[in-house]
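All chains are identified by letter, namely A, B, C and D, in their written order; residue positions are counted from 1 within each chain.
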């Protein structure tokens, strides 16, 4: 195994990611085998545990995890999703310890309606991502989709709003990041709730 | 521990609140770590058990509870939510034995559409909050949001409709109260159902 | 106990009704303590087991059941819902062995939009209530609500469509009946699905 | 038992189909006793295990399965659904190893709105059915409903789009197929998600 990451470390990370995935899958946010989750195991060098590609996200086991480097290349385990590269980039760029990528109907619909970014304001739930509940507009960026992870990462880096730990990828879904898997989970729930509110408001 | 409230009392209250929270969380009404629940343990002096701040509301344990006084200040346990002050005020004002605060999309959407209050009439479900099913209009008040709990409490006190054990806080969510946690649960479900009905009716 | 109905019979009926109630409650169709279910235990004289009033419909035990006669009056057990009288009348009128009464948002919304009755046609799901999937219009009657069970029963009797084992009570909810609790469950699911389809179609 | 299919084979197939059915039923896609699932057990001659007709699809046991031939006629077990004939035809026509038929509100609503076929384009989720996420329009065919399985099969054969392992039957529901029950499940979830997206977008 790489440097300081033991097989046991990777297994434990896999167990956490499996539990988080099952939670998101139960909400219908990871239909088919869509989406993927990651957690940072080492900063220097950057190493992340990422959910393995092609599995049902409601049925992952602790073994369904891949260790990838800062370029998203597999260091240990099976085949990572191509999107592992973007997870690594988000972690490097934002300092996040965990990244969530889900496919929700609300995020794709709102990205379609407001391709220039989705503005929230005067909603208490904004406090759930560390923003004020009053008088401040917070924009969730929307970026164009791409199969080129370098290109997608450039767009994310350029569009990223430091006030909002998330980005909508148009026609695709949602990326959210936090200090650890639990915070990333809560940020994901908060951002999705805000999107569902906008959908209901029209 | 304070006067007559034992650690065992607080633990038992925590167990009840954890179960109620898990129920509301399963409905998607407590996304992120939003919302909080309380139960009155003593009337004179007023003492309430309130769910601890910052936790996932689907994963509370009996220990994730704080004992607060009539000003919402912690008497025992960790850090209460700032909203504990409003819970205490609702309990003092209404005589309720339990208070529920949840963040639902329907309540925020309807509060946005009808900022002057949401009127219900001729719906059998009104009997679920003790009102007649026919010929009487019952208004669910909507109050403006605030981070100042004193101000929010003043608004609630002024707007409160004695026929309706609930208030919508605009851009925020729903406060509901009842004689005990079970009644508060049922009133919450009834009020949310009424709001979802209004949303579906448009 | 009455004639041939033993305490064991009533307990077994209570267990079936508790399981069916928990199922409907999990769908959000019995919020608060709304709705009630019944099963016929004797035809002559007519005797039904009806869920007890005031309980959470997701938490009933086999003991939360009342034996009522053809007028809905309690023969054994606690306090029946006033609506027990209507359950008994539906059983007498239709020959049904089980009656389901739930409060669904779709039924109240559609009853509001189409107070003269809701027509379905050319939908395969109609076969789920024994009707043809093609070329025949089947109307789900809508009747005005009342707190007088005699009046409500008269309206149901007059409006009843022999092709449809269900009636919408405007501003109230749905009554559905079948040969036994399982068939009543399936008819309820089918009728609710048809109502949700109409809602989605607009 | 037929040729190489043992009672144990059929029982194991029944267990898989029961689990898949319970999953779809939990999503509300098999209300009443609607829908049916199948898995191919032999290619030459064509033999499929199909869920038995008339049962609650959330409560199937491994025994609630019928072995049918290429015409959908029962070889072993109880009474198959009339739709077993269409399952067999889909398996023969497409080479699929598993077929899913569910009744979803989204599929019937979208089939009603776009009777000429539902076009998807520029959605990442299309990759979940093996299609490109960009620049290519993929059409989900919609065919008219029929009670004549031969006629329905002819329509499906004529309308079928080799790029899309699914067909909407107007006023009825969704047929989806895959190499095995798991792939058929994932394709079903992906197609349903795409339909729900179109519904939300309007």
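What we mean here is this: a residue touches a chain if its C-beta (ideal position, glycine included) is under 8 Å from a C-beta of that chain, and two chains touch if they have at least 3 such contacts.
Labels paired with UniProt names: A, B, C, D = Methylthioribulose-1-phosphate dehydratase.
On a predicted model such as this, the values are computed, not experimentally measured, just so you know.
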Review point. Which chains make contact with chain B and with chain D at once?
Key: A, C
Point to revise | Far-end chain from chain D, centres as C-alpha averages | key: B
Check your understanding: Are the two sides of the chain A and chain D contact the same residues or different ones, given that same means over half of the numbers occur on both copies?
Key -> different
**Study point:** Rotation in the CA alignment of chain A with chain B, degrees, nearest 5
**Key:** 90
Check your understanding: Using mean CA coordinates as chain centres, what's the chain B-chain C distance in Å?
Key -> 32
Point to revise | Multi-partner residues of chain A (at least 2 other chains) | key: none
Check your understanding: Who touches whom among the chains?
Key -> A-B, A-D, B-C, C-D
Point to revise | Partner chain D, residues of chain C touching it in the complex | key: 27, 122-125, 128, 133-134, 182, 185-187, 189-190, 192-193, 196-197, 200-201
Exercise for review: Quick one: which bits of chain D touch chain C in the complex? Just the residue numbers, please.
Suggested key: 28, 31-34, 56, 103, 105-106, 108-109, 112, 145, 147, 169, 171-173, 199
